[in-house]
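Okay, got some structures for you below.
Common to both upcoming complexes is subunit A, partnered first by subunit B, then by subunit C.
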Partner chain A sequence: MTPLMLVAEDFTAPGPSIFDFPPLYEGAPTWLTKPVLMAVLGALVVCALAWSAFANPKLVPRGMQNIGEMGYQFVRDQVARPFLGKDAERWMPLLLSLFFLILLWNFFGVVPLIQIPVASHIAFPVVFAVVIYVIKIYLGIKHQGLGGYFKNMMFPPGLPKPIYVLLAPIEFLSNLIIAPFTHAVRLFANMFAGHLILAFFSAVGFWFLFEKLTPLGAGLGVLGVVMTIGMTGFEMFIQFLQAFLFTMLAAMYIGGSLHPEH
Partner chain B sequence: MATAIVVPAMSEQERRPETDGRDFADAAWSVPSYLLSGILIWGGLGWLLSWWTGVHAFIPIGVVLGVGLAAYLVYLKYGR
Partner chain C sequence: MISAASTLAAEANSPLMPHVYELVVGSFAFLVVFLVVGKILTPRIQKTLAERTEAIEGGIKKAEDAQAEAQRTLEQYRAQLAEARQEAARLRDEAREQGAQIKAELREEAQAEARRIIEAAHAQIEADRQQAITQLRGEIGRLSTELASRIVGESLEDEVRQRRIVDRFLEELEGRPEAVR
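== the complex of A and B ==
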């Protein structure tokens, strides 16, 4: 048995338990944990940033207003306008807050000492997905009528009647159950898996370089550290991408309810 | 008298490339959802049938039928 195998047998990879946090202090309610605190902190930071950028706007933007307007333009041009067209401006408050809050929550995953992406607890993305789901159905019924909404959703026009019996259930399940479900799970699963990957590679680096440094294990430890750095960069890309996608899908669902395609 | 050269304005379609983006994104995000729904609905019916009749072949028949119908639905909505 090589020394490498000896130490490798003692190594335990971090599992789902790294997402479990105790209450913040002795006697705190069980729900008051680090992710909850970070969720609130994220909301406060987004409020503060928006306040400092837009509370006192100048004709020639400087400093925070400049950054805020760049963020606004990005969300408006890349997320809102393609799906909402002329209604884009009306939905910008929702989409902008959604995008930056999720982006910050995700970004917490790589901020030293915080190091927990809030959305890796599925309850948080579920709340957003449910809000968008309710808005989607409300707007659909408001703009297309109760019957019209379900008719437009489930019965694409121009088909022989028997075909509808086969296809309508698929449309129903896809639009009303699978879509909101994947909307929340996509964000959750990406953040969960990303955090687990980062935790794993840093644990490898820490274990083989500091806890049990052996000539054979050292290479593995260095690999762990290099991978941690590389994966951190990759995670930041994913964090941005998932915030973008979540907001984009929200705009897509809202736009679909406002303007039925057919 | 010089005849004015009338340059036709770009068509509505050309001026609004975002419509293409919307359709594409719509399709890209709906297709997996449709395929999954097709499998669940018709595979589920097949599972029920096999449970009632004891003929296990209904499950794969339902799943394949569901994928086929979902693919047909995707074709109807985005492929035509």
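== the complex of A and C ==
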């Protein structure tokens, strides 16, 4: 056995247990953990940032308002308008809150010392997905009628009759069970995996450069650090993309309930 | 060997199982963000953006109006300029015509005047000539008689006869054109 393999055998890659957090301090209630604290902090920071940008908006924007408007226009032009059309403005409060909160919670994954994407705990994406799911079904029944909603969902017109035997249950499953599940899990899994990858590469760097520095292992440690830096940049892109995607799907579900023909 | 308790614990911590307290905190956090960002702040920025659109559209409209106004004024000025040019050309032509007319009139007047002067001169000359002829006729008669009496040496007493001889002589003279001219 080479020394490298010996060291490598000692090294344990971080697993799902890195997502388990004990209460913040001795004697604290079990629910007061780091992710919970970060979730609350994130919500407050989003409110504070949005307040500084939009509390007293000017016709000619300055400073924070410029940044806030960039976010607003991004959500409006890329998310709301393509899926909601003329209803876009009406749903902007929900979509903008959703996008800003998810984006900041995701970015917590790469902020030093915080370093936990809040959505890597599935409860948080589940809250959003459930809210959107309830709104979707409520709007669908309100705008299409109870029968119409299920008919439009399960029996899209213009197909040969036998197809419906297969299609109706698939559509029912995909719209009412799979869609909300994937909606939440897509965000959760991306954040979970991203955090795991960052933890793995930084653990490699830390282990081979600080814990067990050997001539052969040093190269591996350097690679770990370089990969950590590279993956951090990639993670930021994924964090943004997932926030965008989650909001976009929310807009799509709402738009689909408002206008079943699309 | 892993004990049943730790297996159970691991299952309780499965990443796919949401913690109830996190569901509560997540709902609460989302509600706060939705109330602050969605309900309070989004309408404000929407209002501002709408106002900005209006302001920009108003500005564009104003600029378009101003441009149209300027265009209209320019057209007016151009029309006026063309009119003024036409007017000037017309006046020039008129003046030229008038000048020519005046020149022609003056020339005619001058010619008439000249004719009148020449005619008057002719008449005067004719009168003078007649007077000279009359005077000459008397003078010649007297001189000739005197000459003749001196040559002949005798005084021709008879006035009447003398007169007749002179007249005859003069008529003879007039009968010869070269002698008169």
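Just so it is clear, the second predicted complex is superposed on the first by the 258 of 262 C-alpha atoms of A that agree within 3 Å, B and C clash if a C-alpha of one lies under 4 Å from a C-alpha of the other, contacts with A are read in each partner's own complex, and residues count from 1 in each chain.
In the analysis below, contacts are C-beta pairs under 8 Å (C-beta built on N, C-alpha and C of every residue); 3 or more make two chains touch, one makes a residue touch a chain.
Because the structure is a prediction, the values reported are computed rather than measured.
Asker: Which holds for A:100: it touches subunit B only (first), subunit C only (second), both, or neither?
Answerer: Touch partner of A:100: subunit C, not subunit B.
Asker: Per the contact definition in the header, classify A:211: touching subunit B only (first), subunit C only (second), both, or neither.
Answerer: A:211: touches no partner chain.
Asker: Does the superposition put A:124 against subunit B (first), subunit C (second), both, or neither?
Answerer: second
Asker: Looking at the overlay, does A:156 come into contact with subunit B only (first), subunit C only (second), both, or neither?
Answerer: After superposition on chain A, A:156 lies in contact with subunit B alone.
Asker: Once the structures are superposed on A, label A:249 by its partner contacts, choosing first (subunit B), second (subunit C), both or neither.
Answerer: first
Asker: Give the label of whichever partner, subunit B or subunit C, reaches more residues of subunit A.
Answerer: C
Asker: Kindly classify A:89 by the partners it touches after superposition: subunit B alone (first), subunit C alone (second), both, or neither?
Answerer: Once the two structures are laid over each other on A, A:89 reaches subunit C alone.
Asker: Please name which positions on subunit C make contact with subunit A in the complex.
Answerer: Interface residues on the subunit C side: 13, 15-30, 32-34, 36-39, 41-49, 51-52, 55.
Asker: Enumerate the contact residues on subunit B facing subunit A in the complex.
Answerer: Touch residues, subunit B against subunit A: 18, 21-22, 25-26, 29-30, 32-34, 36-38, 40-42, 66, 69-70, 72-73, 76-77.
Asker: Could you please specify the touching residues of subunit A with respect to subunit B in the complex?
Answerer: 81-83, 85, 156, 159, 166-167, 169-171, 173-175, 177-179, 182, 248-249, 252, 255-256, 261
Asker: Which residues, counting only subunit A, touch subunit C once they are in their complex?
Answerer: Those in contact with subunit C are residues 16-17, 19-20, 30-31, 35-36, 39-40, 42-44, 46-47, 50-51, 53-59, 68-69, 72, 89, 92-94, 96-98, 100-101, 120-124, 126-128, 131, 185, 188, 192.
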